[in-house]
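In the part that follows, the structures are each spelled out as structure tokens.
Here chain A shows up in two complexes: once beside chain B, once beside chain C.
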Partner chain A sequence: MSASSLRRWLAERVPVPMEELRKPLREELPAHLRTWIAWLGGTPLALFAIQVVTGILLTFYYTPDPARAFESVRHITLAMRYGWLIRSLHQNAAQLMIIALMLHMIRVFATRAYRRPRELTWVFGVTLFLLTLGFGFTGYSLVYDSLSYWATTVGTNLLGDVPLVGHQLLWLLRGGPDVNPNTLSRFYNFHIGVLPTLMVAAIVAHLLLVRLHGVARLEGDPRTETYEFFPEHVLREAAVAIVLLLALVVYAMARPPGLGVPADPSFTPPHIRPEWYFFPSYRWLKMVPMQVGIWTSAAFVLGMVAWPWIDAGLERLAPGRRIGIWIGTAGFLFTLVLLVWEALS
Partner chain B sequence: MSVTTQKLFVAFLSLALFAALVATGAVDARRQAEARKRAEATLDDAANPQIARGRAVFERYSCNACHGAGGAGGINNLNAESGGKVNGLLHVSETYSVSELQERIRGGVPTVGKADPTGLEPPLKMPPFRDLISGQEMSDLVAYLMSLKPPPGEAKSSSW
Partner chain C sequence: MRDGKAAPAEATTRREFLANLLLGLAGALGAGAVAVRFLQFLSPPKPPERVVEVPAIALASIPDGGGRIAHLPGGHVAIERMGDRVRAFSAVCTHLGCVIEWQPDAQQAWFCPCHHGRYDREGRVLGGPPPRPLPPIDAVVRDGQVFVKLTVRAPAGVA
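Let's look at the complex of A and B:
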């Protein structure tokens, strides 16, 4: 059977409107998207794909049981063929994913691409960022070394202080009053089941909205020329993805992942710290009274989610003053200061 | 940049990525060899717990600090007759009986022969371990030292 007759045979049985499907590939993009920082929308998606593939491979050998979790990570890292590479890619693509998301959000924020009617695209974007942080938190705990165990304990403790529902939230996450064998299986479940499902749903919603609205034009940009999504934009996104994957592979060879000390619930290490992307909130919660910290953190997240409407309100109050940009810059700098402060302390 | 140039660029990057992935094979092979060695050592320890205990004694009293990890070769000892280094211990089973070796550990090596008789006194001497290692620890340590073997193909040493 020749290729063309096979195609005809398949088209008859699976009548997909190929011409319709190709249309999005020909979408015209505004010229400002040729700047490198505008390519970072697709980068987290490429990194997420790496996470899915490496994550599935890791589940083949990871055991979500407190008695065997650390040993299974050790086995993956030291004994499995290419286990060190898979684990390193998974660990570091996660870090890059968070950095890429931050840069993408900064770009969207600075260009105010979230303005009406694209508010929901922003909301789904923030949701994706929060879900990624959730992946980071649950994933870090799965390693089950001393630092990750205590970071999980401290991190979940904070939830207990949330007014009204804190106790219930704590139980939902831990499956008991303390970090116990249930906690690890719950975190594992969240990491490979609940969060990926929510993530895929939010990615579909985000991309669909981006597609339905088209890419926002830059405010005050006089250029009217456009270029096609395929192949030019796809090639740029692909170049970034390949460069990052290459960097991840080279890094894995230069510095293969190490192992900490196995978790010991009876011994608290002197320096408990979460992953770097939680440094700002960790430092903030240490600086202010707990209830103040929790309420302000919640307000910060809500402010981020509702930013398109807040910014629109500020614009109505003081047209043309760009107050939103100043608030955003101040918020970003404050977060950066907290991050660096915690990193250096 | 034209689309053709971009395609070439992506193709070049893909090739570089492919080359890097091929190179991971070498790193993996090395790590696999290390993993095999560790697994064999674990099996050896399980088969002969006295040797495992002896290795622990060897490390507890920092014998490895002068004689090298696994007794494979010592650190520099200026003008020592044994090639300017503290002796390795891979040949002790060929030159010592169990009781001679025990006596050597108890008494230490107060005088180290000079390579150049007119040169400096070698600074490192083995201290006596009489007051530190005895009983079960001594038997375990000697069992461990007697189990050490040079890698296959290495010439026999005339002295340890």
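Let's look at the complex of A and C:
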């Protein structure tokens, strides 16, 4: 069967309008998107793809049972061929994904690309960031070494201090009054079932909105030239993805993933800490009374979600003063200070 | 229409509207009832609890004037010894649930390694983030053995 007759055969059985489908590929992008920091929207997606592939591979051997979880991680790392590579890619692509998301958010924030009518694109973007943090928290717990066990205990206990519904939330999240066998299977389920489903839905919504609105033009940028999404932009994104994948592989070879001490519920190690991306909230919660910490953290997240509207309100109050940028920069610097402080302490 | 005015082609009749309303309500009720059961499935039933007295640790293994943690199936217990008498608390920090350790100085007796919560010999908070004192646990010494009263949970379905 020749290629053209195969195409005809397929077009008859799957009657999609190919011309229509090709249109988005030719979308014109504003010139400022050629700057490296502006490409980073596609990078988290590429890293997420790495997570999906390596994650599916890991599920072939991981056992979400307190008695066997740590052992299965050891088995993956030491006994399975290239287990160290798969695990390292999964672990470190997650770290890079969070960095890439942060850079993307900083770029969108600084260029105020979230303004009307793109508020919902921003909301879905923040949702994606929060979901990624959820992946990080649940994934860290699954390793079930001493540090991850206690980080889970402490992290989930925090939820118990939420007024009114804290206790119910905690019970629901852990599947019981304390960290128990239900907890691990629950976290595993969140990590490989609930969160990925929500993630894919939010990615689709986010990208759909980006496409429907088109990429926002940069304020005050005199350039009017544009370039096409395909092939130039796609090639740029692909180049970043390939370089990152290469870097991840080299890192895995240079520093294969280690194994901690198996979790021991009767012994709290002296220096328990969450992963670095929770350092700001960890440090903050250590500094202020619990209720203050919980309410301010909730306000911070809500403020992030509602930022496009807050910024618009500030703009109406004091036109041209750019108060939003100052508040955002102060908030970002404060978060950064907390992160560095915790990292150095 | 009864009043003779021409109705737009898509106008809903009262009958259709009521039928849709009923169907919608029935559907919402049904879906809601199922959703509630789904949520209940996710929340395991509370296992029955009972108080049992269990041997925790040999008195001789605690230095006089010192303290130790006993890790029991029913929980972690902080035990202090004063001669032949003992005092016991839950060894779970009231802040975020880490296990405390014996680390005495002039005032302090127990210390939490997670966020540096400090408790005195009576389980009262001396400093750090813990919101409440350590809950006391009944403890007695019999035949050189410390016994503590713990609330234990049987797994659901097991009496």
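The criterion applied here is as follows: the second predicted complex is superposed on the first by the 345 of 345 C-alpha atoms of A that agree within 3 Å, B and C clash if a C-alpha of one lies under 4 Å from a C-alpha of the other, contacts with A are read in each partner's own complex, and residues count from 1 in each chain.
As a working rule, a contact is a pair of C-beta atoms (placed from the backbone, for glycine too) under 8 Å apart; a residue touches a chain by one contact, two chains touch by 3 or more.
This one's a predicted model, so the numbers in the text were calculated from it and none came from an experiment.
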First (chain B), second (chain C), both or neither touched by A:N157: second
Chain B versus chain C as contact partner of A:R81, first or second or both or neither: first
Which superposed partner A:E232 touches (first chain B, second chain C, both, neither): first
Which superposed partner A:L333 touches (first chain B, second chain C, both, neither): neither
Partner chain in contact with A:P270 - chain B first, chain C second, else both or neither: second
Overlapping contact positions on chain A, where the chain C interface meets the chain B interface: none
Partner chain A, residues of chain B touching it in the complex: 3, 6-7, 9-10, 13-14, 16-17, 20-21, 23-24, 27-28, 31-32, 34-35, 38-39
Touch list for chain C against partner chain A, complex: 42-44, 46, 69, 71, 76, 95-101, 112-115, 129, 131, 153
In the complex, chain A residues that touch chain B: 78-79, 81-82, 84-85, 231-232, 235-236, 238-239, 242-243, 245-246, 249-250, 252-253, 256
In the complex with chain C, residue positions of chain A that touch it: 150, 153-154, 157-158, 168, 171-172, 175-178, 182, 266-272, 286, 289-290
